[in-house]
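Heads up, the next two complexes both have chain A, just with different partners, chain B and then chain C.
The block that comes next holds the complex of A and B.
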């Protein structure tokens, strides 16, 4: 037992030592790496593309795209976080081997921060993509706009979706928007209230894509998945299922 | 190394599973039914399904209580310090307690450390009539189940606080909400609804406690169909009261109120749920001549079928907001060598009733407040003999048809006793009734039902009757109707009672004090100021060989909202929101 821990530490230490320094030199890298990757082996990988605007015009709705197609078929999960957000974790994505591991959504940012996408491969090595987002900030502690109007109360979980063919690749993109305040719990007197689970199932009841969301995902989430599929053949055969932390469940056929 | 690590992980997992396997047995039906005598936990509202609020623990007693002191206090935090009317529950070293705005906290009973919390995200449109309170959870298996202000039942994982299931009981936009603690009987979770001021239709519903699937629904207004679910199919289960229009005129039964807002108790002997019902809607009684069943009543309901076995109406054709929701507490007593299976309740209307709990027959009734003006007494069946001059006048008889004549009625609409549960000591055979002495001026106005809008048709203002006190804790003998002792409190009493085998009776006051009295004489034996007004109900349990006592502190509830002239006595009281836990020092 003691020997086991010792060996683990030794192995972990040697990998960390061997790893590259954080290209963004974020003061939180060691902390967030510990939190999300632990002592597992990792390397920075520029092929994991984290696309962000240069500046967050609206800190409550920052578009973010993660493209890990280079590791397609070899992915166990993708964890995405923002180093300097008060709640760092944004989402974790579990793509089915048959989907294109490319995903977009919008999130809230509290201040300028490094944004990470850590991709765990079948071999147990994490590939980390990074990008820096400049922001004036405040996105996480601002009450949701839904809080000022009762619209969400009668439209909670209403979902609109679209599918369109991808231009460059063989496949389709599903994009959906769901009405939800996605309250972080950090604004005064508004408890956290956010969608935690998103699952896209095909007609064979397989989970094509599973997402675990955290509070920083933007209000009224807009999320798009890329699938290897033929639009004409598959329309209407997908089911989107979501559940929030209050236990509300939402379902929609796409 | 990898292989070694793998087998280690498996072993650890198996160990973890078997440990959690024991813990996951959680709270059983038997635990709940025997709660009163199993002193190591508190797994039911009222310390036992009958709701007697009596504990056989006696380590803290009239001799030792003077040494009792707090061991920890836990703050609910946030900026939501409103009325805290919760009764905590305790199981396996964890306290489960609710707070204002539909929050639940799990707290380590040894340290006061928070284990988890759950905050329901409530819509802004919720319509609780009388503060954003909650009265506590139910425990079943590994679930913590409670009702929210937007009228949903939520089941949380007792270990993590994560939602396991959630069911909509009613539409909050119509004025429904839930504030009472649900109760568990034979794996069913039973809940009522609030909203009597909005012309809702009261109901009692049973859900499978494990899955949240609905089992039956029983409307508490005559004329509405009840339903039962058989193999997942909704089947008609009889109209409440047989048919519509027997005791209501026209369509008034369609928005008849009779909210079941205080939940109920359960008697295992007779296998009956005892649920109280609130005022008929609207308050203006001239719009609804008749008895208006089943408003202002106690109902005995079969927990398996949801059928009403019997009812006892305390205020037929109520015109004063005398809800009949108060807890009906089962107890036995000896008379002429025979055991009487009785149940007692102290009503908003100022009378206390002792009923035969097997059939609802009236045994006796007597006032538990100093003055009652609206009735001259009770007849042989326990029906009030009205003082017709104290019914607010009919507005249609007034000159402009807008306001009927005003009357001074006692008790006031907040009642001789409101929600705060009384206790029954098995040692003294007495009921300890938290009561209030106040009067009101009340008048009627025309009104019409509109979905989701207040439906009163009355105006009112509440007044103290004595300079020295409003609140009175009374020890009442249910066999004679005699008052044995009293404690008078300056502010109105709004918290529940706990009686113990240590010959003690505990109650909290709006002034912030937890007070302990000699159960036989009423002598004050203990007091401690918790820093904010108490409107919750105390519990006691045994842990590590010591007796613990907890009470929630946090001023609020209906009194500061509807205060009238009473407001002067409470406006200086500050809000709070915490649980205080006490024990004796180790010798």
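The block that comes next holds the complex of A and C.
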């Protein structure tokens, strides 16, 4: 009987140990993990590269790049969040198996925080990449600059883009900028107003890349996607579609 | 035994924590009647209390001319005391060269004296001063105690000033902060560039209107007749060496950002690129490069979109 209890304890202890400790020791890890990946199996994976500057020079425009190429072809989705932001979720990315799972955008940060990219593979295991960002803060509760100037009202959804050949790999990068205030709803008396959906389609109507954005994505988003494709063959074959939380839809041929 | 330990620890804490914060400023006479108080070639920290800036003063025959007042009330007080140990003459003119916090938050100490600045500098200080001061409290802590924004009260419209045997010439520029005052003492051939020139310390770009504008203005500075150059940050140097280093860096940075944008690099990828070997040895080079990318890359990126 004693031996049985001992064995049970031993098993219990090994399960506890099996849960990877958070390399960044963020106080919110257990909470955010529960919220975004529930009780699914996960592991911290340094090969999921979360690129951030060490310090947020401008807390309303922090550049963030996620590189999950190591799991290319095996990705269900990538959820990206900041542990200590008042709205943690930044975006979720659903890459088509044919795209290079590398994406970049800018976001707003409220204080120094761990930033996570959790990649769900087809086997059901989450691979979590992390990086720490130091910040003076205030990015999420600052009114958008657009709020002080009427420029955006007449240019809402206006999108400028360009395709670039990728030097290191076979492929192209689409970079685009869309005019949108991306208000979080956390600045006084300014309701939330932000782009929620971004889809990049090819000429066969396939969704190559789908993004679900949340309020922390920075004002006038600049987003880049990497695709396995030949730049010379594309010419107007891609369509970018977006919708904000007020139901405005924006489209642009790339 | 335990009580000895406790007493020992208390004494230790006492010595660690009660040491008053002091800048221990010293001035060097770099030319006749011309003194420079050189700051550390570092970024703001709790160790240096924000003393990363150069201030300077000229002891003319008819009173002292002071250029910039430092990062805090405490610095301003120490500076005023220091000047008092060198001359009995009153401080006649104070100039704030531009609106960055390390150059004017010592103003409070000199509230009883006229403080001059370019009109636009005064506006920028009124607009951003409090936020800058708040940030300084966060960055350097207790060194800032009781520091408040004290705005300059004399809009500078003079182009020249003859005082006590010194002929001073004022030039209004914009490259570094949007409004930058440069002072040439024609009598001693000393050029006080403030932050229009950084030397042996990487330059900062948070409010530059345009790197090309800055480069053009440096060319004007280079043509002036001077022997000694007092930069806003870094050591005093002879001749145009400091201007040449600045211009090289600005041209390189402008080209780096333009080429990166043409290649479609993301901001993070630009941050990760190596520095040119010529600039690796500058103090705070890596950190200031990263900050500059954050300040400026979006402009270059915008220019690339179709």
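As a convention for this text, the second predicted complex is superposed on the first by the 237 of 254 C-alpha atoms of A that agree within 3 Å, B and C clash if a C-alpha of one lies under 4 Å from a C-alpha of the other, contacts with A are read in each partner's own complex, and residues count from 1 in each chain.
Methods note: contacts are C-beta pairs under 8 Å (C-beta built on N, C-alpha and C of every residue); 3 or more make two chains touch, one makes a residue touch a chain.
None of these values were measured; they are calculated from a predicted model.
K.L.:
Looking at the superposed three-chain arrangement on chain A, would you call chain B and chain C a clash or a fit?
P.N.:
Fit.
K.L.:
Counting only touches as set out at the top, which of chain B and chain C does A:177 meet: first, second, both, neither?
P.N.:
second
K.L.:
Is A:161 contacted by the first partner chain B, the second partner chain C, both or neither?
P.N.:
So A:161 only meets chain C here.
K.L.:
Figure out whether A:150 sits in contact with chain B (first) or chain C (second), or with both, or with neither.
P.N.:
After superposition on chain A, A:150 lies in contact with chain B alone.
K.L.:
Touch test for A:191: chain B only (first), chain C only (second), both, or neither?
P.N.:
first
K.L.:
Is A:248 touching the first partner chain B, the second partner chain C, both, or neither of them?
P.N.:
A:248 contacts chain B only, not chain C.
K.L.:
Going by the contact rule stated at the top, is it chain B or chain C that touches a larger number of residues on chain A?
P.N.:
Larger number of chain A residues touched: C.
K.L.:
In the overlay, answer first, second, both or neither for which of chain B and chain C A:104 touches.
P.N.:
The second partner, chain C, only.
K.L.:
Once chain A of both complexes is superposed, is A:52 in touch with chain B (first), chain C (second), both, or neither?
P.N.:
second
K.L.:
Determine the nearest approach in Å between the Cα atoms of chain B and those of chain C after overlaying the two structures.
P.N.:
The answer for the closest chain B-chain C C-alpha pair is 23 Å.
K.L.:
Which residues would you name on chain A as touching chain B in one complex and chain C in the other?
P.N.:
In the superposed arrangement, which is not itself an observed complex, chain A uses no residue for both chain B and chain C.
K.L.:
Within the complex, which stretch of chain A touches chain B?
P.N.:
Interface residues on the chain A side: 1, 4, 7-8, 150, 153-154, 181, 183, 185, 188-193, 245-248.
K.L.:
Can you name the residues of chain A that touch chain C in the complex?
P.N.:
51-55, 57-58, 61, 63-65, 104, 106, 136, 160-164, 167, 173, 175-177, 222, 224
K.L.:
In their complex, what parts of chain C are in touch with chain A?
P.N.:
Residues 135, 138, 263-264, 266-269, 271-272, 290-291, 294-295, 298, 301-302, 304-306 of chain C touch chain A in their complex.
K.L.:
Once bound in the complex, which stretches of chain B touch chain A?
P.N.:
1, 4-5, 8, 78-80, 101, 103, 119-121, 123-125, 154, 162-166, 173
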